Amino acid sequence: MGFLEINNVTKSYGAVKVLHDIDINVDEGEFLVLVGPSGCGKSTLLNIIAGLENLTSGEIAINDQTVNHVHPSNRNIAMVFQSYALYPNMTVAQNITFGLEMHNVPKSEREAALNDVAKLLQIEPLLNRKPGQLSGGQRQRVAMGRALVRNPDVFLFDEPLSNLDAKLRVDMRTEIKKLHQKLKKTIVYVTHDQIEAMTLSSRIAVMYNGYVQQLGTPSEVYNTPANVFVAKFIGSPAMNVIPATITIKAKHAFACFEDGSGKAIDLQLSQPASSFNNGQSVLLGIRPEAISDLGNEDRNVNISKPFETMVMVTEPSGADTFVTLNLAGHDVVSRLRGDVALPSGTLASFTVNMDKVVLFDPETENRLDI
Amino acid sequence: MSIASQDSAVKNNRTTMVLIYVTLLVFALFYLVPLFVMIANSLKPLSEITGGNMMALPKEWTIEPWLKAWSTAQIGVEPTGLRPYFINSIIMVVPAVIISSIIGALNGYVLTKWRFKGDTIIFGLMLFSCFIPFQIVLIPMAMVLGKLGLSGSVSGLILVHVVYGIGFSTLYYRNYYAAFPTELVRAAMIDGAGFFQIFWRIMLPVSGPITVVCVIWQFTNIWNDFLFGVSFGGQDQPMTAALNNLVQSSTGVKEYNVHFAGAILAALPTLLVYIVAGRYFVRGLMAGSVKG
Amino acid sequence: MARSLHKPDFKTRLQDWLPKLVLSPSIATTGLFVYGFILFTFYLSFTNSRMLPNYDWVGLKNYARLWDLSHWWVSITNLGIFASLYIAICTVIGLTLAIFLDQKIRGEGVLRPLYLYPMALSFIVTGTAWKWILDPGIGLQNTMHLWGWESFEFRWIKDRNFAIYTVVIAAVWQSSGFVMAMFLAGLRGIDNEILKAAQIDGASSWHLYRRIVIPMLRPAFLSSFVILSHLAIKSYDLIIALTGGGPGRATELPATFMYSYTFTRNSMGVGAASAVIMLITIAAIMIPYLYAETREDRS
């Protein structure tokens, strides 16, 4: 039994079902991130947890209490919104203490709580300003302050960083993580940014089309994606997913591609041959960093036989260089070290770290669990 | 719908620009002449009007016509001047504007932030009511006012103007609040604020601009109304109806200068509002065309 | 498993019905004073109500009588002339002024309010002013004579065949500035980059406006058409103040027709029938427009 339980929650707007049997248990102090593309249902789910939207069936329970019919203000939650939703007519201090005032907390206690929070977030100099006079990062802090001051059971974050510029977003991300480590509060955090999901969470729920596609730790989601959607959604650049045919030769299974010119490329799989049928079609998932140029492979991993192919595009990004190569007619992105010299249009040899390769069923697009 | 100037990409040559300026100035004259005629002739003795040029400035300046229009001119049968009717209009306009604006604000708040099934239809019906020809309600309204004992009274007119003003005030506040982030309302809900607390503490403090627009619109419309005033005003007619009485009276000499002074008196409050807050007036007009 | 709590708490229930409660007086008044009254007037149009409402059903008799009355035909013919000229002239003037004002005009801030102020006036004031300006004895004609143009003649307001055009003049004076503002807002809403692109493509000013700008003003055209036509159909005050419907019946409109048949000629049934026709005409224009506008809002 979790601290926050989402039990078989469904949500329909008329005939349109936007959430299908969502079932997630969150332990106390956990940092759960709901991630997915827009329209996947993640924000709807968050609003249902907050009580801002009604669910169609199922149950939300917080701290062992069913809260389906409890007003948002009585669920002991706090929420940080994408737009921060600071009350424009109130000062920072009034913004932060409004919730306490509404809950009839005496003024002296309100002041004390305000001071604690202001100190924690280092916003003391801002307390008498109006939101309009604050920068994006400062507003973000005030919005968090407003949530923190309530000392709730559960914090809900609705894409809190998406209105910040790139640099500030990274800083605030770290800050939120620090805050979580310090306060050890239960957090449900919605984002469309898979990097935020990976860096912040203790568990990730990847959502798509109203379904939870996968619920797991960041490393589970990254290394053993449940299906092609999760594989492509988590990680940037996305995982390469290429159709291949299994051939069994000398008790080993190989993923074989035709490279268009009639030359075949065989990659020897780490998985035992007994898991496959000869001639079976699969989708091969290869992370960009699992591809290396010849001679620069990690040690102690299972390396494929080198294959020579055409470099299509080279995109240096400083720390890494992204090289798009042609593998059996498919564009495949690899992440190589920053100073690699592979001009586009040249031929070069590459290897694949076969331990990192995942296989999917081409029909269901689910990962083959072998 | 900003009217603020922006760099036009179009460049014109000199002749075109001269032509443009001439046209613009000619139209400025067209709009100004009637006002000039009214003001100039309201300050002339009658003899100068009947024997002289309406475009000429007064030779002998006098405020006599204004005083007469205000306090002694014959309106209907009584030589009361327009003053009592001006007061009627004020007594009618102020409560009608306040009440219809408050109701409109609450309606707009409900229709945007507390949406429920069928709210669009309700709004649509209220919106359409702004545009009906009021002839369609004259007969039953007269009967209802009679039943309520409000015929021929300012209270009756207040009721009428509130009832038919709600549509526009709701339209204004609804469109304004629709652009107001719903997240703020949700944040306040989670903070524990109730329906009226959210309205009072969160929505109203930021409703200044639309309130100005709405108040100006309602003020102008209600002040300028003639049909309801003449139909239901009875003895307590508003300014517009009294002015019409003054101007159309068939007895005695036509005192054009008094008529003009009366016309300006009737126009003065709305003109003042326009001069002071023209920007908001225009905004109201545009929003009155639903989106503009 | 957490235990179930089936009833929504008090605060939630309060928030379910409070908004509806707040809206309900408006729903009630709109329902009664607008739609109830419309139905009642509709009903009256099928009775032989005269000075007072009565409930003797006469079917379509009032409508038949209405369409037999020359007075009504004069009214709707006048409305046709008035509305089409009013809308057309306001649109042309409004568009011209807006385009001209949009040419980086010095003094735009002074000119714009001058064009618009008549909209703040009552039609009664407008009518009073124009009544005397158009009066041949003391108005424009007299002025021209005094300025030495002896042959100048302008007596439309006294001429049965031309009086309706004087109503057009006064109404255009009042509303064209408003149309200007609508078009100006439309012009200012056009993305400047589109204009720059068109100029790089080699479009002359004339082509720029004819081919790109004016077509992009479609929403403003539509809005001003709808607003002006609804104002035209409702026109009552202006007629009363300017011409009183005369000379004779020369400037009667449906709105004045309805008023005189209902309240002075003791033919309430016919008056109600004319009001119904006015409503249907406006509804035919407004409903599709409002429907389209509110739909766009939602998306």
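Letters are used for the chains, namely A, B and C, taken in the order the chains are written, and counting of residues starts over at 1 for each.
The rule is short, and it goes like this: a contact is a pair of C-beta atoms (placed from the backbone, for glycine too) under 8 Å apart; a residue touches a chain by one contact, two chains touch by 3 or more.
Model, not experiment: these values are computed from the prediction.
Asker: Counting C-beta pairs in contact, does A-B beat B-C or the other way around?
Answerer: B-C
Asker: Centre-to-centre on C-alpha atoms, which chain is most distant from subunit C?
Answerer: It is A whose centre lies farthest from that of subunit C.
Asker: Centre to centre, by mean C-alpha position, how many angstrom separate subunit A and subunit B?
Answerer: Result: the chain centres lie 56 Å from each other.
Asker: Need the CA-centroid distance for the pair subunit B / subunit C, whole Å please.
Answerer: Their C-alpha centroids are separated by 15 Å.
Asker: Where in subunit B do residues touch at least two different other chains?
Answerer: Not one residue of subunit B touches more than one other chain, so the list is empty.
Asker: Taking each residue of subunit A in turn, which ones touch at least two of the other chains?
Answerer: 71, 73-74
Asker: Counting only residues that touch at least two other chains, what does the list for subunit C look like?
Answerer: 11, 15
Asker: Going by the contact rule at the top, pick out the subunit C residues touching subunit A in the complex.
Answerer: Counting only subunit C, the residues touching subunit A are 1-9, 11-12, 15.
Asker: Considering only the defined contacts, which subunit B positions touch subunit A in the complex?
Answerer: 181, 183-184, 186-193, 197, 201-202, 205-206
Asker: Quick check: in the complex, which residue numbers of subunit A touch subunit C?
Answerer: Within the complex, subunit A contacts subunit C at residues 1, 5, 7, 59, 61, 64-66, 68-71, 73-74.
Asker: Hey, which residues of subunit C end up touching subunit B in the complex?
Answerer: The touching residues are 11, 14-15, 18-20, 22-23, 25-27, 29-30, 33-38, 40-41, 44, 53, 93, 96-97, 100-105, 108, 111-126, 128-133, 138-140, 142-143, 146-147, 173, 177-178, 181-182, 184-185, 188-189, 192, 195-196, 199, 205, 208, 219, 223-224, 226-227, 230, 233-234, 236-237, 240-241, 244, 254-255, 258-259, 262-263, 268, 271-272, 274-276, 278-279, 282-283, 286-287, 289-291, 293-294, 296-298.
Asker: Which stretch or stretches of subunit A touch subunit B in the complex?
Answerer: 47, 50, 52, 71-74, 77-79, 81-83, 85-89, 98-99, 102-103, 146, 150
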